[in-house]
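Below, each structure is written out as structure tokens.
There are two complexes below, and they share chain A, which is joined by chain B in the first and by chain C in the second.
== the complex of A and B ==
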């Protein structure tokens, strides 16, 4: 009974935020003179209307889920990892390079590519963690700076040393990967690829890890109360680097999965311009860093994005309504943090001044 | 080399400087009161759009700039309300506002001008250029310093004014106190949240000017997401300049120069990635030297835990 009430309470806030976000979107739709019901119907159809659209939405959700899980892990440990974008592109580039240059059978190169993506994203992220743990540089600022360095570096690699010179397209991209190393599609003719299974598995594993292992508990403890964690024998520096490695690893895996499952090459800007990294961070914020919730929130954001595209195809309402809804969602959710803050404050004053 | 480093390169560095500098000063004021304003990018974008819209409706550049400031201030008010009044995490609010600004401006581009991507009107007048009377006749210096949009000269005046305000006036000291140690400031009767609101609104004004310089000064058009990460560069300039107006101006000058150098290199079909990387690498290295700042520690404490 008690846990049921808890679940209902934790669901209530995100639901209210979703309703409020949709209301803001409705105002925007009315301003351009669209019909709210019809527009949202088109949006629903664009996201879930047919099997094709559904798999399309799931394919878009795949990198967002993986990035969101990584960010959630870092948030749980109390670190603001804003560097997902850099970790994502480095993971993607590492996966592409591995598959292009590694000899051997296709499946082996595919697995090596995925591992290379995890390693590249993880090391880049752990580097930021190390700078914080060793030199006390602010992690948030460092990860933000490393994003730009990583995107510019991968942009350079794709535009000069690794540029595809065989095709006629003058785009900054690597050569097409060997077909044997592609991640298999889950359904014939659909965009959904095996990366989605990895994302779902990652979600469940992270959930179980956080809930049922000692290390998972140590991470939550570090995030919840660093002083207490230190008193209990948790080594902040070591755990920080490890959890940042895992966090970046998820983002790197997201990049690798996109390269091996969707684009089949590293294309400069293909991962940064859809804003996967920021969507992943938003999903985490929306779900309060709960792994299962993060996956659901990622799905919601992906549905808003693909639904927005469907809406733009079939109505006069511009695509940007969906980004307005997404931003409004986050604003309302951050106000939720506030509500719980006020509640806590009240409880505190009731029990006398505990702090 | 002569072709690369000529006077027009330095003059264009000054043009690139103004938007970064204005936004970075806004960021610096916020940092001084303990708010890490990630929303500079969004504020600037709103300003850039409002400047074009105001100019389009009234046909007057001044009205465009005014509307840019008003809209940015309204947007920054939202940031202030959420983060000061509702105590939401200021970084989260900043991220959300950047998204909201990108969505809203692109949406409004469709709703008001009925175009997608960019709005351009060849009859629209940009910010007036000012030829400084005596200086413009000096051979090299004249080409460098004279003939820029007025906002560039204003931004330099703001740097000096802000430096004076922060470190030489009583109310400036109160502002610093509110950021350094809010509890102590409160115990002296300083209204900390009022000062924080003031700082956020001021950053709105400055970002509005920055946006106006971008859309009416450097060019006379609005493009989707035309700030293109300049708000984040401004944030980095704030950090590199240690939220000190003169330091911020020096950092912005470096970044403005790197930006114009990148544009120049692009003209020669040379890779620009590494010149564009310089601001971030320099800032990262600089962080090793300036890390023990009281207010940064404060900001760090309040931001370290994300929940």
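== the complex of A and C ==
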């Protein structure tokens, strides 16, 4: 009984936010001269309208969920890891290179590719953590700057040493990976691949890790009050490197599953231009670094993006309006429109001017 | 009647902080509000000052109902509050701090000279001398307190709320403050004084209202009351006096030799500190705060490495070792600042209780949550910690209850050595009695305790030996029998005469 009431209350806030966000979107649609009802219907269809679109949305959510989990882990420990994008592309390149050059059966190369992605993303992220711990460089700035190094480095690798010279297209990309090492598709003819299962499993594991393990506890305490953690004997340095490694590892895994499950090669810009990393960070911020909430928020963001594409395909409303709706929704969700404000007003009217 | 609060009720979730509390204040009256931690004193005053909205009840000023929706409303109605933790900008001057919010202007510019003149005028009018041009950070705490009161007076306050005003002051500063309160009351200002120090309350107040569990248990005239009666009204029972029983002193547990710590400044923070704490012994360190006590504790507990000297715990050299190594060598630590070091405010009671206990309550790195809840739950009932549940966030606990949680957590480490820094700061008499009892029991069991306290009475009551610190040096050692408040005060002040 209590839980039902609680759930209803906790749902009310995001629901109000979504309604408010859609209302702002409606204004934008009216300004460009579209029909509000039709546009929203097309958006809905584009995100969830059929089994194909639903799985498409889930596929898009996969890397966002993984990146969001990594960022959430670092945030919980009190570290602002803004380097997801660099960790993502390095993970993707490492996975591609591993699968291309490693001998052996396909399944083994696939697993090795995933592990290589985790390791590459993790090391890049832990490196930023080490710079902070060793030289007191500001972690936020370091992780942001390392993004440039990583994206430009992978771009160079794809354009020169690892460039696919077999095809006719002059794209900065590696050769196609051996089909035996691909992540399996979950449904015939759909884009959704096994990486989604990894993302769901990662969500649950991270949730359980934070709640039930000693290290998860220490990470929360370190993030909550670093002085308290230090006073209690938590080893900040070690824990920082470890949590930064895990954080970057999630982003690296996101890159690896995209390469092994969607692109089947490393293609420069394929991971950066959809803004997966920033959507992941956004999902984390929206959910207050809660792992389950991060996954849900990632799904919402992915749905807004695929829905926006559907809208663009079938109406005259441009894709930018979808971005406006997305931004408005995020603003309203993140504003803590708590009910306390309404409650206080009620109390005031009840007691007259006395309080 | 200047101010009336009528049947105020306020609940946080399932916990009622105020239950139908009524409170009256006359003009020129000093009205003390006493009660244990969590009794609802602070909540009541936050309601009066517009920081909280009551669930029901009424506030009347000069017989006219008023609504306080923010501190701005309260200030406009002539109510000012001096918080327990000073709210001053330490890098700004005294005058700048006092005129904040209503700065005198010259065109569009801030007229600093006028501000200083206003400050001087105010301080002369009320007999509270301050230097308007001095930086607040350079003023002693007693002067900072004075600045807070002048700031409130500048805002035009007729009713001044003082929340635990003497907590951080030296005995001399306390005397000056109480005198100033009396003088202002004689000039027609009214005071509400929140305090747990009954002797001070009895000295300065006209009327005393006692709160217990959110309800008023009585309002008495100070001249017709005494400490025993007030204690009884506060805790609902008689307090037991604890005595230190003699006990065999054992081998040294903690040995410091020649500890030195250089600060950024020319003067050393710690200078050649040597002493030991033995089994079955409480060693008290007295001194005006800021004379190296904090640094000494940080060195011993591993939060800061000394530049020279050795620290031996149970015969093992631990100087410069990390905290976890020193803790496993046998140290527990009640920190001096509970909010800074002692808890994570956003974490739950259970999570805060777990710190330092993870090794005992895990299997393969997985926390045994049931055991942990049982452990913390036992502390909650044994120490009478007032909390909604174990999942309540620490920030919702009152200071005293938080302190009890920290004390319970550190005692439960069952280590041979315990640091107790300001173990009862801001804690009411009931909780103080209990914490003192627990410390003495640990000593009785052969524990070695290093006590650091700015309360002389506490140091005198608990310690077997008393060391006095001044400017990073140990300037004296007294046995419990030889120590008196006068002797210690003299040493604390560097041998100069104290008033």
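We adopt the following convention: the second predicted complex is superposed on the first by the 312 of 355 C-alpha atoms of A that agree within 3 Å, B and C clash if a C-alpha of one lies under 4 Å from a C-alpha of the other, contacts with A are read in each partner's own complex, and residues count from 1 in each chain.
To be clear about the criterion, contacts are C-beta pairs under 8 Å (C-beta built on N, C-alpha and C of every residue); 3 or more make two chains touch, one makes a residue touch a chain.
What you see is a predicted model; the values in this text were computed from it and never measured.
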Next item on the list: Once the structures are superposed on A, label A:324 by its partner contacts, choosing first (chain B), second (chain C), both or neither.
Entry: first
Check: By residue count, is chain A touched more by chain B or by chain C?
Finding: B
Next item on the list: Determine, under the contact definition given at the top, whether A:230 touches first (chain B), second (chain C), both, or neither.
Entry: second
Next item on the list: Considering only the touch criterion stated at the top, classify A:48 as touching first (chain B), second (chain C), both, or neither.
Entry: neither
Item checked: First (chain B), second (chain C), both or neither touched by A:335 -> first
Notebook entry, point to check: Between chain B (first) and chain C (second), which, if any, makes contact with A:159: first, second, both or neither?
Noted result: first
Next item on the list: Would you tell me which residues of chain B are touching chain A in their complex?
Entry: 36, 78, 82, 86-89, 91-93, 95-97, 99-100, 102-104, 106-107, 110-111, 116, 229, 232, 235-236, 239, 271, 273-274, 276-277, 280-281, 283-284, 287-288, 291, 296, 299-300, 303-307
Check: For chain A, which residues are in contact with chain B within the complex?
Finding: 28, 31-32, 75, 78-80, 135-142, 144-146, 148-149, 152-153, 155-156, 159-160, 223, 278, 281-282, 285, 288-289, 318, 320-324, 326-328, 330-331, 334-335, 337-338, 341
Next item on the list: Using the touch rule from the top, collect the residues of chain A that touch chain C in their complex.
Entry: 212-215, 217-218, 220-221, 224-225, 227-235, 344, 347-348, 351-355
Checklist line | Contact set on chain C toward chain A in their complex | finding: 53-59, 65-68, 301, 303, 322-324, 327-328, 333, 335, 340-347, 351, 354-356, 358, 362, 365-367, 369
